[in-house]
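Here chain A shows up in two complexes: once beside chain B, once beside chain C.
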Partner chain A sequence: MIRSRTFQLVVPALLVLALLPFGVGGYILGLLIPAFYMAVFAMSWDLLFGFAGEVNFGPSFLIGIGAYTAALLNHYYATPIPLCLAAGAFAAVIAGVVLAVPALRLTGPYFGLVTLVAVLMLQNILVLFAGITGGEIGLDLPDVLAISDTTNYYYALVFMTISGAILFGLSRSPVGLILQASGQNAVEAAALGFNVAKHKLAAFCISAFFSGLAGAMLIFYMGTVSVGTVVDIAVGVNVIIAAVLGGRRTIIGAAFGAIFLIGAGELLRPLGQLSTFVVSAVALVVILFFPGGFMGRLLQTGGRE
Partner chain B sequence: MSALLEVDGLTKRFGGLVAVKDIGFSIKGGEILGLIGPNGSGKSTVMKCIMGIEKPNAGTVKLEGINVAGWPTHRIARQGVGIVFQHSRPLQRQTILEHIKLALLPDNLLMLFTDHNVSRRAEEIAARVGLAKVMHRLPRTLPFADLRRLELAKAIARNPKVVLIDEPFAGLTKAEVADFSNLIGSFRAEGHAVLLVDHNVKSVAALVDRALAMYLGEYVADGTAEEVMRNETVRAVYLGGKIETAARPEREGKGRPPLLDVRNVGVLYGKAQALDDVSIHVGEGEFVSVVGLNGAGKTTLFNAISGLVPSSGAVTWKGEAIGGMTPAKIARMGIVQCPETRELFGDMSVRENLDLGGQHLPVAETQRQLQWLFELFPILHSRQGQVARTLSGGEQQMLAIARALMMKPKLLILDEPTLGLAPVILEQLSKALEKLRQTTDITVLLGEQNVTFALPHADRVYVLEHAHIVWEGDPARFAEEAGTGYL
Partner chain C sequence: MLALQILIDGFAISSLYALGAAGFALMFGVSGVLNLSHGAIMVVAAVIAWWVGATFGVNPYLGAVAGILAALACAFFTYGVIARPIQNSPAIPKEEKEIFVLTGTLLWGIMLQGAIAYLFTNNPKTVRPLIEGVVMILGVRTPVNEILTAVLSWLVIGLLFLLVNRTRAGKSLLAASMNPRGLTLLGFELSNIYILVWAIYGIVAGIAGVLLGAFLGVSSDNAGTLTASAFSIVVLGGLGSVSGSLMAAYVVGYLETLTAYLVAPSIRTVPVLLLLVIVVYVRPQGLLGRR
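What follows is the complex of A and B.
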């Protein structure tokens, strides 16, 4: 394990990130904190796309359910943060199951379309019930995770590391192998005796759990929740770009892609509106010419040529 | 010993098409049954119904007395049925050993660590099928035969009571065939019940204990391999009854440089050699038939000519090299392929399909062409308004040919027009082709596994076998020189 390429890349990177607060100011940390949560969104998404082979066009449906469940509990009932986080993650899993059970019976692009419609519906409901949800303006939260940037930074880093370790470990376990087989050739996987629907549903639940939990943590960092930050289609699109950019089927690549995407957006801020264009163009070039993503080649494991 | 697998009254319909009709057989432990039939006979559907990949409309599939018909695939698999697919599509990032391990895993969500027994057992299986040396490599780095071995290894790993094997020898060399026969024989020795599905009796005769022949979804004959090969109906299905030939007078075009010249063409599908050093030529106004069993490489040859698959070698059209041109450009030059799958616009009417074929023609010309086609295929005239999808198989085939003719091709390539058609329809189609041949100077390249259909119209015949041209000559000489050994 110590000799594996992934290990050699990830451990030094995490060490650098862990020591970062001693060297850089609040500006950089403030940039990386949402990037780490985004990394968890992207890694959860990669478990579905890269392994289960299902394209979820609505990652922000799961994120949004988690975030809004936590936010509403905290805003109206002053529920303590740990309970809100648990409730958010739980709600995301429930919503995920309700969505996935009928959707996974569909094949081809229809699963993706169902997930896309789910996001639009969630967004609509949140705006319609603006009296409760705060609509497009959003809700303020009485509680935040921490005041200090450094503390928030470590919360996010530790959360990302643990989530990443679990998702990565899962993807490399026998269950991950069955999941990949189900994603790539459902008929053959079933002929080997595997209940494809069960494995895909499990993957969807795990993806929902981490998405919902990360969404809830993100809003307690920001101190506010709004449609634009956790539900909007654009949020979901960024998650997808991050995962594909970083490298499908690598889990770790998705985290790298998320951090890159947010970092590059910030670096290019002087370009004004053009920055989004440049980042999108880079993403497009990578997807067109290196479909494996940044980490695709680098993290390829197992097997000699 | 009682039968492990008992199939009775199995019927499967796809819409109006009856793919499998009242098929029944049983296989005991330690027995190999060959299920034989030409393309479109429904044998693969039978296999899929047993595995639960398709749900049968009627009939029972009993596994040690338990009826599993209609169960989901994964439950049938756990009940003790394993399948060896013809086309292996392995996972790209997993090693050979990991693939075998996958097959050894139980269906359990909580298995997070690999059991050491699993690893050891996987290595044993790899050694047994001859993959020991390559078990740590990725599938894409391995030759075709090794990928087939991997499929067998997966079946061994599941240790099913009943093993279904789809075309075990397709794409393999002679030495590999011997090797695989031994492996399949070892299933029998261990008391498994084996169902081998193949196109012709000959290739599996040495291996099977009994054979059952199917045609157009129905039972034709069963017994030992020799009995099935001697059966009159089976012979009729494969060879046709009496082979008739109708040579027509020599055309003036002969002796000129050929219209189409295919030289030393080879095609690789991944690791499988689908076409190897094939050379054919077609003169202007000639009717050339390429006959060969399914999987011999006919469709691949046509696709290589039409530019649909990349190939090595040279394809020349009227003296101009067309290798590497886009399929659209080749079609505009006058080579029109009428594919085996027909590719009609299913939701459009007969007339709309035909009009699309004649898109580029001036209106008056279109009318003339339509008129002529309706004379050739009168049935289409009365079916003009009908949606193409609802036509019968034979009518669809006629429409596909008519649409290709609307494009006024210089060379018409017909790929397996008889696929899945009943004998009556064959006769109609045959008459239309003969009329086409006698009344126009169209050039036709026909690919067929049905020799009776292919020979009467042909001026010249090629026999394609295992990716090679093995015979070329006059249809009159076919029966004596190449007819035997075709069954």
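What follows is the complex of A and C.
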């Protein structure tokens, strides 16, 4: 395990990140905190796409359900944060099951469209019931995770590390292998005696759990929830770009992709409108020339793990 | 009165949807590419038509031609730089080509959208209509442009139908959609067919974009919605079935118009989304699709 390349890459990177608050100011930390939550979104998406083979165009459906459940509970009933987080994660798991039902019957573009429609529906509902949900403007939350940047940073970093470890461990476990088999050839996997439906359902629930929990934590960091930050299609697109950019089927790569994407977006901010253009162009070049993504590239040079 | 208004407005918008979706459906049927930059290409056509018309003060026809050419250029770029390299790449496993084409065209669409927003801002732009003025149809004030939109859309769809069913090149397109390998064995160069289908696609998407720009006005922010509506129409009608898409375009167009007039404009897309979910559950191959 010590000698595996993933391990050699991840541990130093985490050490640097853990020591970062001693060296840099609030600006960098404030940039990295949402990036860490985004990393969890991307890693959960990778479990569903890279392993279960389900093209989910609507990661923000799961994220949004988790975030809004937590936000509504906190805003209207002043529920304590841990309870809100649990409720958000639970609601997201239910949403994951709702999404899994069509996934077991439909394939490829059809399922992709259903997930896209799910996001659009959620967005419409939130805007229609603007009186309760705050609509486009959003809802402010009475509670926040912590005031200090450093504390928030460690919350996010620890959360990302634990989620990443669980997702990564899962993907390398026998369950991950069965998922991968069902994603690539469901009929053959079923013929080998594996319960494809059960494993895919589990993948949806796990992916939804982490997406929803991360979404709920993100809004308690920001102190506000709005359609534009957790539900919009653009949020989902960014998650997908991050995961593909970092290297699909690597889990850890998705986290690198997310941090890169947010960092690059910030560096290019002076370009204004053009920054999305440049970031997408970079992502496009990576997909065209290194389809394995950053991680795929790094792992490949040292041979297979 | 209101019924007639809905009938006329619904017809015009549905015809435009049908035209927009026809190119998208043809592209998927022949080359298997779901082009998620579709909406952005339509926006490019509309904005270039608006820009050429407004800057050089030329007549609207020249502007429209410029817009269509811009869409054609974008379509060729999509094929040459994104779709073809991905489909031919040895590094991408076969079963993952689809997701790569989807992601690639999605990114390309975002790039186009970003470039348009940067160069021309994301304010809505209205292309000057080819013919201005209004006429009364049984007491309903209807802009001539609205009639023209419907007529031109159907003219282009009709030409497309003739091209595909009556000409040799068109028949080879149909054959490619059924069995590409068989066609290659008969001595047809598959890449020529793909170039042809992208050319047709570019022109059709360009015309649809310019008409949309003149009819409703277009902003770079619409690119995603336009792609989503073409995607929904095509899935509703059955992937690969052009006649199914035409029918679905009318279902979607009228459902939206009815909702907008009778319920509230703010929820005009909700019934369509519901219908789409139901159809995909009950009949995944779409209204006229075959499995």
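We adopt the following convention: the second predicted complex is superposed on the first by the 297 of 305 C-alpha atoms of A that agree within 3 Å, B and C clash if a C-alpha of one lies under 4 Å from a C-alpha of the other, contacts with A are read in each partner's own complex, and residues count from 1 in each chain.
Here is the rule we use: contacts are C-beta pairs under 8 Å (C-beta built on N, C-alpha and C of every residue); 3 or more make two chains touch, one makes a residue touch a chain.
For clarity, every value in this text was computed on a predicted model and none was experimentally measured.
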- Is A:V175 in contact with chain B, with chain C, with both, or with neither (first, second, both, neither)? first
- Query: Where does A:L113 make contact in the superposed view: on chain B (first), on chain C (second), on both, or on neither?
  - Reply: second
- Message: One more residue to check, A:V98. First (chain B), second (chain C), both or neither?
- Response: neither
- Query: Looking at the overlay, what does A:Q184 touch: chain B (first), chain C (second), both, or neither?
  - Reply: both
- Message: Output check: A:A283 vs chain B and chain C. Expected answer is one of first, second, both, neither. What do you get?
- Response: second
- Task: Please determine whether it is chain B or chain C that touches the greater number of chain A residues.
- Result: C
- Touching partner for A:L192 - first (chain B), second (chain C), both, neither: first
- Message: Taking the superposition on A as described, I'd like to know which of chain B and chain C A:A202 touches: first, second, both or neither.
- Response: first
- Item | chain B/chain C common contact set on chain A | 184
- Where on chain C does chain A make contact in their complex? 34, 81-82, 85-86, 89, 91-92, 95, 98-100, 102-104, 106-108, 110-111, 113-115, 117-118, 122, 224, 228, 231-232, 235, 239, 266-267, 269-270, 273-274, 276-277, 280-281, 284
- Item | Touch list for chain A against partner chain C, complex | 49, 53, 55, 102, 105-106, 108-110, 112-114, 116-117, 120-121, 124, 127-128, 184, 233-234, 237, 240-241, 244, 272-277, 280-281, 283-284, 287-288, 291-292
- Message: Touching residues of chain B toward chain A in the complex: what are they?
- Response: 51-53, 72-74, 77-78, 82-83, 85, 89, 91, 93-95, 98, 101-103, 105-114, 136-138, 141, 154, 158
- In their shared complex, chain B is touched by residues of chain A numbered 169-170, 173-175, 177-178, 180-181, 184-185, 187-196, 198-199, 202, 249, 300-305
